Amino acid sequence: MIRFGVIGAGRIGKVHSATIAANPKAKLVYIADAIPAAAEALAKLHGAQVASVEEIMKAQDIDAVLIGSPTGFHAEQIQAASNAGKAIMCEKPVSLAVDAIYQTLKVVEKNKSTLMIGFNRRFDPNFAELERRIRKGAIGEVELVTVISRDPSPPPAEYVKGSGGLFRDMMIHDFDMARFLMGEEFVVVNALASSLVDKAIGLAGDVDTAAVQMQTASGRIAVITNSRRATYGYDQRMEVHGAKGMLSARNVHNTTVELHTAEGTVADPVQNFFLERYGAAYAKELSTFIAAVDSGNRDPKPNGFDGLQAQILADAATVSWQTGKPVKV
Amino acid sequence: MIRFGVIGAGRIGKVHSATIAANPKAKLVYIADAIPAAAEALAKLHGAQVASVEEIMKAQDIDAVLIGSPTGFHAEQIQAASNAGKAIMCEKPVSLAVDAIYQTLKVVEKNKSTLMIGFNRRFDPNFAELERRIRKGAIGEVELVTVISRDPSPPPAEYVKGSGGLFRDMMIHDFDMARFLMGEEFVVVNALASSLVDKAIGLAGDVDTAAVQMQTASGRIAVITNSRRATYGYDQRMEVHGAKGMLSARNVHNTTVELHTAEGTVADPVQNFFLERYGAAYAKELSTFIAAVDSGNRDPKPNGFDGLQAQILADAATVSWQTGKPVKV
Amino acid sequence: MIRFGVIGAGRIGKVHSATIAANPKAKLVYIADAIPAAAEALAKLHGAQVASVEEIMKAQDIDAVLIGSPTGFHAEQIQAASNAGKAIMCEKPVSLAVDAIYQTLKVVEKNKSTLMIGFNRRFDPNFAELERRIRKGAIGEVELVTVISRDPSPPPAEYVKGSGGLFRDMMIHDFDMARFLMGEEFVVVNALASSLVDKAIGLAGDVDTAAVQMQTASGRIAVITNSRRATYGYDQRMEVHGAKGMLSARNVHNTTVELHTAEGTVADPVQNFFLERYGAAYAKELSTFIAAVDSGNRDPKPNGFDGLQAQILADAATVSWQTGKPVKV
Amino acid sequence: MIRFGVIGAGRIGKVHSATIAANPKAKLVYIADAIPAAAEALAKLHGAQVASVEEIMKAQDIDAVLIGSPTGFHAEQIQAASNAGKAIMCEKPVSLAVDAIYQTLKVVEKNKSTLMIGFNRRFDPNFAELERRIRKGAIGEVELVTVISRDPSPPPAEYVKGSGGLFRDMMIHDFDMARFLMGEEFVVVNALASSLVDKAIGLAGDVDTAAVQMQTASGRIAVITNSRRATYGYDQRMEVHGAKGMLSARNVHNTTVELHTAEGTVADPVQNFFLERYGAAYAKELSTFIAAVDSGNRDPKPNGFDGLQAQILADAATVSWQTGKPVKV
């Protein structure tokens, strides 16, 4: 039985808390949030107790800390939890500053803490199956990875100001998936981007439409495209072209219903909301973490190094976009 | 909070018990089973108590009885629960004997009991959406309903002997779906059937491959085909042809992954196991029952009349197959 | 070089004439039609000559007669062409009267004439591939054949009066396809039908919506559904369920374009017009006939016996619908 | 009636000659080829005469020259035909040297000649429909164009030496399609490429796997990926993401047949051969040219300017790949 303290009672904290509460191998003990009412409501819902972050770190009756606080707190909370001997599941990113990630990972390494980073898409049943088949050799050597990732609708321009920008806030997931599927690190990053969806996003110094190309030392190529707005739903697709074939994972539709009329054959819309689209992934992610802690596996993936590498690629893409030049990593 | 006694700790009893246990509006209080160890294991898993059927019927601390016992006990247990003032959720069928169903429904009516029958497929998100769109007029008047229903693999010939035969044991679900989608009762039933999959099924007096045509008083037509064996998975599809268009619901694949090679484009197999394929349906079915009991709705659908009508069609199809003639109902 | 006389300059005569004119192994020599202007226009288009039916039968400079005249003339023209030593390609049906077909086939047999019947769907690349795979054993023993066939829009009620009725005029093609895919003759036919699309069709003594079930001596089953109106295009699908798998052939869409919006993913409409949908089939049908005549193959399929069997099934279905009883054949 | 002289009796010359011969508005008069036997065979097949290139240019009885000679001859033959007052349909590219294209277009402009360039993919019914819908506003403003283009199998390394390289020989089509779909010129080109398929292609100084990103002045983005080898067939797909939706065009499969087994649902392979995949496109391309000449339209698209722009992008991509830097155009 893995006993959890959860930091953050916002949207993602709620998701993880419900998953912990429903997992027979886990127990939700404490909830912390800067907004007391939010912590109380969530604690009440799952029969847990409200605590401060400090209390969670010191608590002897928990084994693991789930960090779902705002990004700016991740690094210090990982370090505190690591120093307190807890296993750590932290939402991405570890930090918007690569230096802070290095420093955090040193602490984790010194303490030999278990640290898993919340790149939930690796646990999506479709993408996980795709990766599993690549590793089993279904398409031979990987040559070309394509990641298509588009959000249903853009965030407020106000939000993007503190987000680190599209490459660090949104494409970070796709950098992780490109690494996950490719199985080799990238050495060069090319980015093109614009604000086509909402001019206010451009005025806020960010972009909403972007393409990134990356290449590995052995010459393999990955292509990522992002848009902050897809009127047709949450567009999440992957394709991997290899020497012996190609593997793809399509979008997930609301139902299998199709309407046939003179206008055409209309498949139900694509799932629109990330909590629905990745519901199974969130559950699998957490059960993977719980199983790792339970079995004493100190290095479940994606780990801190995965968090670091994705951040390095996001930084490189940001610089490439800003300078109009390829960036070596 | 609806408090449940569950009768039957077999496969379907386990499914429903887990659903009840996970539903915040429901509480699992008692489990009964002819095999004490089965009842104990299930009770322990969910923190419930073991009880006899009689104890469940008499218990003052439960509101509803979920009947997942063998078919032969359904009618008497519904009557007992009704007489005891409980709400009743009963697996299909009410009885293999239409007379017993009539008698049971009289008791239910006299007591004004809430009775829902477990035709789970109505609650499948795909089929429910299909029906919802028909009722909203998406395809105008319904003219032709097609139900394709094929099991992954045949039951042992030994099983079919006590099952009532394919039409009452398997196609009963499809009769209910044809009624659900058509929205009008059928007046004539034509059946053709054979044992092509397993000769032993034929020797046991049953069939494993069957087609049924039915017509309503206004001339609308439904076609059902069944096979006890589909090598490609659990084949569950519906099509409804109307005056203004056609609605269809495809099979559900394990994942969205596709492999592209010189042999073709290979979509992942179709889901194979009924508990997986209809997992969401079982949960929705029970939450519908709970909501009905909670709100005082005494007639949630599918109700006892639906159970009766499906059984009448199954009987008619059986006679049609045996006599080689259409049967009026 | 096979030299043709074409009887009938209507819609189907035009299709076949163009195919003959474009085939390097064939030559279009004569065209006959009851309407002189129609014959002249078609002859002029392809550099052929106008002739009477009698002149075509007597002509020494033709090898084959293509019969595309109204149904009522088929039997006598086949006999005349056979007696004149010509190879014969005749549109379906040979005759609406089974007796006349028997008589005609006797003449053809006596003269050892080459006779092919225009069941064009056997030559559709999709259905031909499906059948080819069945015969190669891709799905093992065939158990259940499903033929879905729906026209885009109903004919005028006036037309149906002289058509022989839906089973002989429309479903005749599906009877042939069911035989083609099943590979075994049917021994019993069950029909249900109504006029749901156009009441005038019902008043004219015909139906526009129909379902037929048939069974072979070994117990295999075929199911056919027809509608005279499919708002979504020309619906032409087949499915064959076998012991080792299932083969299906979908509808053909106008293009591969899909539009993705919040309303769903909209595939281009299904092809609507039979000359477009079966364009490749008509060409392949005629090239098969030409190759047969050219190579001295006296029995290309579908032959007169195929025409006879389809007509017998159509008659049986008509009687089954009229009497409400199964008909043995 | 447009009378043609065809230069080149190779693979593409044969395709166009057959199309001309079958077009009732066109006549195939002369065929020229450096290999006399090739010219003779093709001329005989279609009832045309053999002539030298010079004779074709001087001939008074032709209206149009179709240039299907090796790339190195295109520019001079276009000029000669233009100076001789002929309409010109020329296979892509006009020239591997941009200067030669400029010079050629000047001649064409001076003579006011009709010149169309053989970017056949614009005439594919699927891609043409996709573009038509974009222009009609189906997805609002175009933001992101994706072109996926992969050949079934790589050419011999020997071939690539004289081909101008992947960007000029293969991706040239995709540059044209990106311009066609985007509707705005690109101002910057980023390329990444490798030889992953065949090391000999790398040793010959070329690549076989490539990704290109391009951006327009208004910030819109196009992404192209190429591989010289797709084991699953000729992969030709397009996607256009816009402000109001997304349009895509899938691959074309051999048939609509699907095989369903425990291994999955297997759609027929994707068409493998370019003459099959683009058969309809070649016919439509030529009928468009013929209609333009016939109606006096002096500027059918794609024209010489389109040929020039695609070549400029191909050169830029080549330089970007070689230098590892973005190239402005």
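Labels for the chains are A, B, C and D, by order of writing; each one numbers its residues from 1.
Operating definition for what follows: a residue touches a chain if its C-beta (ideal position, glycine included) is under 8 Å from a C-beta of that chain, and two chains touch if they have at least 3 such contacts.
Note that the structure is a prediction, hence the values are computed from the model and not measured.
Interface of chain C with chain D: the two copies contact each other largely through the same residue positions, with over half of all numbers used appearing on both sides.
When chain centres are defined as mean Cα coordinates, B lies farthest from chain D.
Chain geometry summary: the mean Cα position of chain B and that of chain C are 41 Å apart. Computed from the mean C-alpha positions, the centre of chain A lies at a distance of 58 Å from the centre of chain C. Residue positions of chain B with contacts to 2 or more other chains are 231-232, 244-246, 259-261, 268. Within the complex formed with chain A, the residues of chain C that make contact are 231-233, 253, 259-270. By the touch rule above, chain C contacts chain B in their complex via residues 141, 143-144, 146, 148, 150, 188, 190, 192-197, 209-211, 213-215, 218-221, 223, 225, 227, 229-232, 235, 241, 243-246, 324-326. Residues 22, 125-126, 129-130, 133, 138-139, 244-252, 254-261, 268 of chain B touch chain A in their complex.
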